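Following this message is one structure expressed as C-alpha cells.
We just call them A, B, C and D in the order they show up, numbering each chain from 1.
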Amino acid sequence: MDIDELKQNIVTASHILHQQGIAAAFGHVSARIPGTNTFIFPPRMSPALVRKDNLLILDVDGNQLSGDGRPNTEFWIHARIYQARPDVQSVCHVHPPSCVVLGSLGETIRPLHASGAVFKNDVQVFDPITLIRTRELGDDVAKTLGPHGAMLLRGHGVNVADKDVRRVCIMTLWMEEAANYQLRAMSAGKPRFFSPEELQVIYPQVSGEEVSNRTWVYFSSRLDS
Amino acid sequence: MDIDELKQNIVTASHILHQQGIAAAFGHVSARIPGTNTFIFPPRMSPALVRKDNLLILDVDGNQLSGDGRPNTEFWIHARIYQARPDVQSVCHVHPPSCVVLGSLGETIRPLHASGAVFKNDVQVFDPITLIRTRELGDDVAKTLGPHGAMLLRGHGVNVADKDVRRVCIMTLWMEEAANYQLRAMSAGKPRFFSPEELQVIYPQVSGEEVSNRTWVYFSSRLDS
Amino acid sequence: MDIDELKQNIVTASHILHQQGIAAAFGHVSARIPGTNTFIFPPRMSPALVRKDNLLILDVDGNQLSGDGRPNTEFWIHARIYQARPDVQSVCHVHPPSCVVLGSLGETIRPLHASGAVFKNDVQVFDPITLIRTRELGDDVAKTLGPHGAMLLRGHGVNVADKDVRRVCIMTLWMEEAANYQLRAMSAGKPRFFSPEELQVIYPQVSGEEVSNRTWVYFSSRLDS
Amino acid sequence: MDIDELKQNIVTASHILHQQGIAAAFGHVSARIPGTNTFIFPPRMSPALVRKDNLLILDVDGNQLSGDGRPNTEFWIHARIYQARPDVQSVCHVHPPSCVVLGSLGETIRPLHASGAVFKNDVQVFDPITLIRTRELGDDVAKTLGPHGAMLLRGHGVNVADKDVRRVCIMTLWMEEAANYQLRAMSAGKPRFFSPEELQVIYPQVSGEEVSNRTWVYFSSRLDS
C-alpha cells in the first residue's frame, strides 16, 4: 500500500466516522507510514473536512515533518502508541457519545452481543480527566492501552489501535454500538453479559478480517449514496 | 409468482430493512422456490447491496445450486427452517438493535401495543451464544422456532419465518418496533403487558393480511422518495 | 374556508405528521364540512400517500357519501366524536411512539414543560384494548374524550379533536413531544410535574391561537425543504 | 464587525441551532450593536426562517427601533441581560429537548465529560413557571444568570450569553449535548460528575476560543451540505 492509498483510507475512515455520528467537530484517524516511526495525521479540523491534500506527517517524538496545517493538539496519543506498539499501523481518537456516557458511569465495554465480543473484556479505562497534550500523558495512555486494541478515556472518549486504517474505523464503529447497546440494556434492566466461556465461542466467529472488511465495504458504499 | 418476482421482493425487502435501520452490513432475507426444497438467498454482503442479479440458489442441505457469490455463513438458519416447516415460504435473519438489547436482558417480546400483538406470547429464545454455521445448529434453531413465526437469538438477533417475503419483511419491522417500545417502557416504569384476554381481542384485528400489505405498500413507497 | 382548502389542510397535516415521525403506514386526519354532520376522511393508506383527490366524505352514522376508496376501519372514532361534539371541526387518530409507550405504563400526559401545559391534566385514557371498529366503541371513545381536546387509547394511540385541522395537527405534535419528555424524565429521575397553580400561569401563555399558527407555519415550511 | 456581518452571524447561528435540533418553531438569537444599548433581534418566526432582511432592532427598554415584523414575545430576556451585563454581546433563548427534560428533574448541568466542563458548576436555574414577557421578569432572569454564561429555566428552556454570536451558538450546542449525556448517564446508572479538582484541570483545556471557533467552522460547513 503506497502513501496515496493510505491517505485515501484516512479520508474515507474520517468521513465514515463523521457520517455515522461518531465524530462531529473533533477526532482524528492516523496511519503509520509502513516500516517507519512516522505517521500521517489530520490537521486541526473536523474529520468531515479532512482531504488527502491537507494531511500532515509527524513522527513519534511529536515533530511535524510535512504539511502546512497545525496538527490536532492530542497528537501525542498517536505518537506514543506508535512508539510503544510496533505492531500498530493505525490509531483513532474520537469522542463517541455512548462511549463517553458509559465511561462516565465508571463502566467499560462488557460484551452482550455478537459484534461486541470483538472487544472481549479487554477495554481498559484511562481515569485522569485531561486532554492528552504532552508526551508524558501520551506515554501514560499507551501504557493503559497495553497490548489491546481499544481503550476508554473516562469523561473524554476512546482510542482504537489496530493493524490498518480500515479495521480501526470498523472497530470504532463497533465500540460505539456496543456502548450504546450496553447503556440501553442497563437503563431497562439487568443485562446478561457474555461469560468467558461464551466469549471463547463467539470471539473467533466475529473477529476475523473478512467480517470487518465486509463492514468497511458497506460503510464506504454509504458515503456516495 | 415467478422467480423474477420473488427475487424482486427479496431485493425490496432487503432495501426496506436497511432503510429502516433493521440491518446495516449484515442480515439476509430468503424465499423458497415454490414447491421445492430450494431457496433464493443473498450473497455475503449488506442487504443494501443486494440486487436481483447477485442472488444465489441453495437447497435445504446447504448445497449451492446457482450463483457466483458465496452465501452468507448463516445460511443454515434458512435451510433448516425450510426443511422443518413446509408451510414457510420466506425467512429473514437480522440483528435489529432493540431486539438484540431486549434479548440481552433475558427477555422476549411481550406485547403492550396493538401491532405488537401479532407476536402474542409466542416469541421463543434461542439461548446459546454462537453464530449458526452448522447444519446441527440450524436444526436447533428450527426446533426453537417451532410452529411460530418469530424468535430471538439472545445476544445475536432474530429469525422471522412466514408465508411470503412481504409478510416476513413487515413482521420483522413490527418486531423491532415492539422491542423498542418494550425497552422504553421498561426504562421508564412498569409496563402493563397485554393479558391473554386482551390478546384474544386485539390479535385478530391486527394480524390480517390486509394490515401487513398496507404496511408493505407504505414502506415500498419510501424507497423511491 | 371552502372544501378545497379544507382538503388541502388535511393533506398538509397528514404529510407533516408523517414527516415528523408521528405516523407511518397508519393514522388519519379528518375535517367536518362546516355546518354539517359529514366529514372529509382519508382512504385506507398511509398519511404520506393522502392527496386531495383520494379523500372521501362520510357522515356521523358511518355512511360513505363520496369517494372511490375504502375508509380507514376506525372511521367510527371520527364519526362519533363529530356527533357528540358540535364544536369539533377536525379529528386526528394516530399512534405516536412515545404516547403509545406512556399509555402502556398506565400513565397519561402530565405537563412538565411549557408547550405540554396546553394539555393541562385533562388527557383521559380509554382503557379497553381493541381497535375502534364499531359505532358503539366510537361512542365510548367520544364519551371518554368528554369536553376535552386530546385523549390516549392505552396500548394503541391518541385522538385529538379541536377547532380546525391546523390546530389538531399541532396539538398532536405537542402531545407526542410532551409524552417523549415525560418518558425521558421518568427514565432518568423523578419529574417535577407542573402544579395546578403553575398550570394556571402558563396555560394562557401557550394555548393561544397565535402560538399554534406559528408552529403550523414552521412545520408547513419543512415539507418543501 | 459591521452590522451586516452581525446579522449574517445571527442568521447562521439560527440555522445551525435549527439544523441541530435545538430549535424548531421557537427560539431566538440576538446580538448587541457594539457600544450601544440596542440589539438586533429576530421577528416572531422559527429560527429556520430568519433572514438578514427580516431582523429587527430593539433597545434594552424594549422599544422597537427598526424592522417591520413584531418581535418574539420574550424579547425581555435579551433586553434585560444586555442592560445588566455590559460585557455580553450576544444572547440566545431556546428550548433544547434534553435541557428541558433535565430541568424538569430539578437538576442542572453537572459536567461529566470534557466539553461539558465549559459550564463548570455555574448553571443556575430560574424556577418560576412562566414565559418572560415583562421587564420585571427579564430583570429576574438576568439576576439569576448573574455573572455566568448559561442558565436553565425550569420547564421551559435555556438562556446563553457570551462575548459574540458564534460563541453563544456553540455554547448552546454544548449545553444540550451535556444535558443529553447527563440524562443518559442518570438513566443507566450513577454518573461520576467531575470533581472541582478535575474541573480545574480540564476547564482551561476546553474553554478557549480556538475550540469554539473550530466548532463554529464545522457546524457552518454543514449548512451547505
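To be clear about the criterion, contacts are C-beta pairs under 8 Å (C-beta built on N, C-alpha and C of every residue); 3 or more make two chains touch, one makes a residue touch a chain.
Since this is a predicted model, take the numbers as computed values, not measurements.
Enquirer: Counting residue numbers used by both copies over all numbers at the interface, does the chain A-chain B contact come out same (over half shared) or different (under half)?
Expert: Result for this pair: different.
Enquirer: Measuring between Cα centroids, which chain is at the maximum distance from chain C?
Expert: Comparing chain centres, A lies farthest from chain C.
Enquirer: List the centre-to-centre spacing of chain A and chain C in whole Å, with centres computed as mean CA coordinates.
Expert: 46
Enquirer: Need the CA-centroid distance for the pair chain C / chain D, whole Å please.
Expert: Computed from C-alpha means, the inter-chain centre distance equals 33 Å.
Enquirer: Could you list which residues of chain A touch at least two other chains?
Expert: Within chain A, the residues that touch at least two other chains are 187.
Enquirer: Which of line, ring, star, complete or other matches the graph of chains that touch?
Expert: Basically the chains close up into a ring.
Enquirer: Let me know each pair of chains that touch one another.
Expert: Per the contact definition above, the touching pairs are A-B, A-D, B-C, C-D.
Enquirer: Under the definition above, what is the set of chain C residues touching chain B in their complex?
Expert: 24-26, 44-46, 48-49, 95, 97-98, 100-102, 104-107, 129-131, 133, 154-157, 183-184, 186-187
Enquirer: State the interface residues of chain B toward chain C in the complex, per the touch definition above.
Expert: Residues 112-115, 180-181, 184-185, 187-192, 194, 198, 201-202, 205-206, 214-215, 217-219, 221-222 of chain B touch chain C in their complex.
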